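Naming follows writing order (A, B, C and D), and every chain is counted from residue 1.
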Amino acid sequence: MTDETTTTGWTADEMMTVAAARQLRDGTACFVGIGLPSTAANLARATHAPNLVLIYESGCLGAKPGRLPLSIGDGVLADTADAVVSVPEVFNYWLQPGRIDVGFLGAAQLDRYGNINTTVVGGDYGAPKVRLPGAGGAPEIAASCGEVVVIVRQDLRTFTERVDFVTSVGYGTGPGDRERLGLRGGGPRVVITDLGVLAPDPVSCELTLTRLHPGVTREQAQAATGWDLAVAEGLTTGEPPTARELAVLRALEATKADGRRQ
Amino acid sequence: MDGRTNLSLTDVVPRRTFEMSTAVRMANKGGRLMAKLVSLAEGVAHLVRDGDVVALEGFTHLIPFAAGHEIIRQERQDLTLVRMTPDVIYDQLIGAGCARRLVFSWGGNPGVGSLHRFRDAVQNAWPRPLELEEHSHAGMANRYVAGASGLPFAVLRGYTGTDLPAHTTNIRPITCPFTGETLTAVPALRPDVTVVHAQRADRDGNVQMWGITGVQKEAVLAADRSLVTVEEIVDELEPVPGQVVLPGWAITAVAEVPGGAHPSYAHGYSVRDNDFYRAWDAVSRHRDTFRAWLDQHVHRAGAAA
Amino acid sequence: MDGRTNLSLTDVVPRRTFEMSTAVRMANKGGRLMAKLVSLAEGVAHLVRDGDVVALEGFTHLIPFAAGHEIIRQERQDLTLVRMTPDVIYDQLIGAGCARRLVFSWGGNPGVGSLHRFRDAVQNAWPRPLELEEHSHAGMANRYVAGASGLPFAVLRGYTGTDLPAHTTNIRPITCPFTGETLTAVPALRPDVTVVHAQRADRDGNVQMWGITGVQKEAVLAADRSLVTVEEIVDELEPVPGQVVLPGWAITAVAEVPGGAHPSYAHGYSVRDNDFYRAWDAVSRHRDTFRAWLDQHVHRAGAAA
Amino acid sequence: MTDETTTTGWTADEMMTVAAARQLRDGTACFVGIGLPSTAANLARATHAPNLVLIYESGCLGAKPGRLPLSIGDGVLADTADAVVSVPEVFNYWLQPGRIDVGFLGAAQLDRYGNINTTVVGGDYGAPKVRLPGAGGAPEIAASCGEVVVIVRQDLRTFTERVDFVTSVGYGTGPGDRERLGLRGGGPRVVITDLGVLAPDPVSCELTLTRLHPGVTREQAQAATGWDLAVAEGLTTGEPPTARELAVLRALEATKADGRRQ
């Protein structure tokens, strides 16, 4: 989270997290990565989606952490889970058959078809300019969850015409690609950024700006996008964070500091 | 370490079942050996060898840091390091120059950021070049499952459409003989030695762990040899909800190493030292600060023990 | 049964994930349903249908006998019965005429001898012919694993050199894409409905079982729909060593049926009624004694409930 | 067990069980079926092999039952086991990789190469004269254990020239067959009957009579065998049950009755 608070009383990261949390429907099962996805999912659970089922790849099914974990394997996740299963089981019995409604992913690079790179940037694979952590659970989360929500800060470095490496498939090279590849999940339903919300066009599968966060212009969004950004006809401006959302989010963030000496 | 654990390891034999040499099969014939109780130094000396394929597993929880440090102190070379999440523990082993090759699925400092020693090795070949073989978590987990199951490969729905298969020969298509559907195959992982940390063992070397148990059972069962460090050795393993018990006859050696998972944790014994993980970012960012840390906290700590 | 469990099941939907119809996907879209608490009669009425592929699992322990009796009372027809060990429970279902086909790996009365109703059906087509599809335990277990994993098949070292593959198309060779070795493939089991018995559930339908848990988790997760009978429904599931917990959102319906495993048992609640198993040999040997038993202990018992 | 006690003070079944128990070395891991194998294995554990590791296919690893279970899933097995694992796990992680030293099997029919039938006798597969229980765990026990011990009563119905159905492979059609089939375990090392002990000839793989129980003649053994029975040059007569073996065995058998109302 950046510390820069806008004149409207919240930061762009806070707006992004709140917008992402709002995407999560109560009673669904959500495969959660650490960082922004975990924060947003726990915000959703603490506000409008008390029955959101959080699945962490460490094997914690239905975790109900009272504070934000720093890692996907924090003890609080196991302590509060409905069941703790092995890592092979979480991938084979729970993710792979399509039991998880929503996969929640971040990205180092994202292209217009929602493909994600978290592996290498620049140079070539054997000698990259920047070596990133790699795939983790993401390729199969992107393939097998009912749908994918991407949360990522929008800038020219991240929103690239082509990702340098396809770590996780969005819509591939366009319509029909997921079906051709045999990917059974629905793919990215929405991309939440610090500027607004993008969704794939139902025909072209291209990520299209559908909503701006309050105070953000479409020009700002285009300037932060490395391709000619499609804008939805009915482009709207989203609701700002409510006082309750902000209060809960900030209280959650404060627990992350507590967790340092858990 | 503890005096009661320093039995000899000279008669420890590999456990690669069908792949065992005839000599070993004969040696083992008279009866199945229970896990030996050893000191950490002995365990690493006898079970981890230069050039080995080594898996140190533990998914955030129960990471065998103390064993990793002992491998560094004993200056093992040319290791192929295998691990789903080569986080701080492999950053240390890579920075210390023990590794030739890394087989992994996610290399980062969880919740903090990048692994600087890992990046320095990949981007600048420091202190030596590091070959990578890169998978997804689902692929790695299934590779261990295949190894534990005595199968040459595993099948999953994975990797499809990604750029990962282009960079290794260890991701291949396979066709379902019933439906004709194309799926993905990955070969079994069969480490020469797997090292894990657990909460407890009894004097027969039966090991008990609980909390997040990750892929540890599979990693141990997939390996030729195994070393388990534990918080304590007890007379009786009191059953615990969520426990995984590994029978002593499926393990090569057990060493009592209280706190052996720090800065990771052992559920019921310690908590994750998140400050350490955060501080590692600065420590590891530069070669000099890393070397100073290694000298003080690994080499000198070992000499003092 | 218990009045508090008779909620309506009309909005229960299949859970076959990717195989779900569009209509069902839409119905399920607003949120994942927790398991419904129902009476046994309702659960069977709504979830077990004529012609279904039905798995009643439980490996000696936790066999859902009461549910089997309810299926007999509701006179289900043309079922394909799936079960690793079609012991006394399937002898009853087969003798009652519910089954058209049996998929299994071992059909006997454990520790006692043969299943006479099963034999009568195979040898004399009484009360109707019974098709068989026969596997080994390893094959059946892996078929459930594949079903639970959303894979079309599983790979094992099995069946090789036996006469089993000659009698079904569901055992086929498969070649390892890495080593060239030939192994055996079996197709996933995907029952229309799986029924198991467990010790406890909470009011959200989260199910807890412990002791010998066999292949129940896999059988439930492999199925389109599932019905779990439990010894009791409690407010809070106290953790127990050795427990397997199935989240309520992975189960279709739960029915409280104390003693629902008898003459099998529920670890911590009851003991195996070995006398019953021994007595079954005489009861089941002749059609008349079997019919009399069925009438008295299943049909009339149901009417009294 | 038959109730017929010989003049020497033990029954043929008791002699068979004792002889089988003696085959089990202390400290080995043994995959145990219910019935005679379970009785013999528990007798071994109560006498010369206190560290015998009993594996039951119900998932009980290292069970130490104080009384004989009636089924492989009796509660006493789970209560006394070092670990209880799922049924898929016991086959995939424990049996299949060859971790179990000894597989202990019974048979309805057995041929000269140690192949076992427990499926159908007479008629054809679709319309058999006698339908038997089937395979259970046996095919993979026979394939993957370090070695197999067979315990079976010897008579012309059982010891047949050819089994009607190969449920579990011994030496197939003879030397080299196990290797050709890719079976990694060693196959039947010994067959214990109520008349004596047979072992495969090292060259021909044919089951060969190597030992007679006290009071049994080679003619009796041949008369109970449906093929021309090979007899080892050094055919010996085994030791009768010791007083301790008999006492322990009878005490164990008595617990089976106790178990009726466990």
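Assume contacts are C-beta pairs under 8 Å (C-beta built on N, C-alpha and C of every residue); 3 or more make two chains touch, one makes a residue touch a chain.
Chain labels with UniProt names: A, D = Glutaconate CoA-transferase subunit B; B, C = Glutaconate CoA-transferase subunit A.
These figures come from a predicted structure and were not determined experimentally.
Listed by label, the chains that touch chain A and also chain D are B, C.
Path length between chain B and chain C in the touching-chain graph (shortest route): 1. Between the chain pairs A-C and A-B, more C-beta pairs are in contact across A-B.
Centroids of chain B and chain D (each the mean of its C-alpha atoms) stand 39 Å apart. Chain C and chain D have centres, each the mean of its CA atoms, that are 30 Å apart. In chain B, the residues that touch at least two other chains are 150-151, 156-157, 181, 217-218, 242, 244.
Shown for chain D are the residues in touch with two or more other chains, namely 92, 96, 144, 184. Interchain contacts (touch definition given at top) occur between A-B, A-C, B-C, B-D, C-D.
Remark: chain B residues 17-18, 30-33, 148-151, 206, 217-218, 221, 244-247, 249-250 touch chain D in the complex.
Interface residues of chain A, counted against chain C in their complex, comprise 25-29, 51, 53, 61-62, 82-83, 92-93, 96-99, 101, 144, 184.
Those residues of chain B lying in contact with chain C across their complex are 150-157, 170, 172-174, 176-179, 181, 183, 185, 187, 239-243.
Those residues of chain D whose C-beta lies close enough to touch chain C in the complex are 34-35, 57-60, 69-75, 77-78, 84, 86-88, 91-92, 95-96, 119, 125, 127-140, 143-144, 165-169, 172, 177-178, 181-184, 259-262.
Across the complex, chain B meets chain A through its residues 59-61, 84-85, 104-108, 110-112, 114-115, 118-119, 122-123, 134-138, 141-142, 144-145, 156-164, 167, 181-182, 211-215, 217-218, 242, 244, 265, 267, 271-272, 274-275, 277-278.
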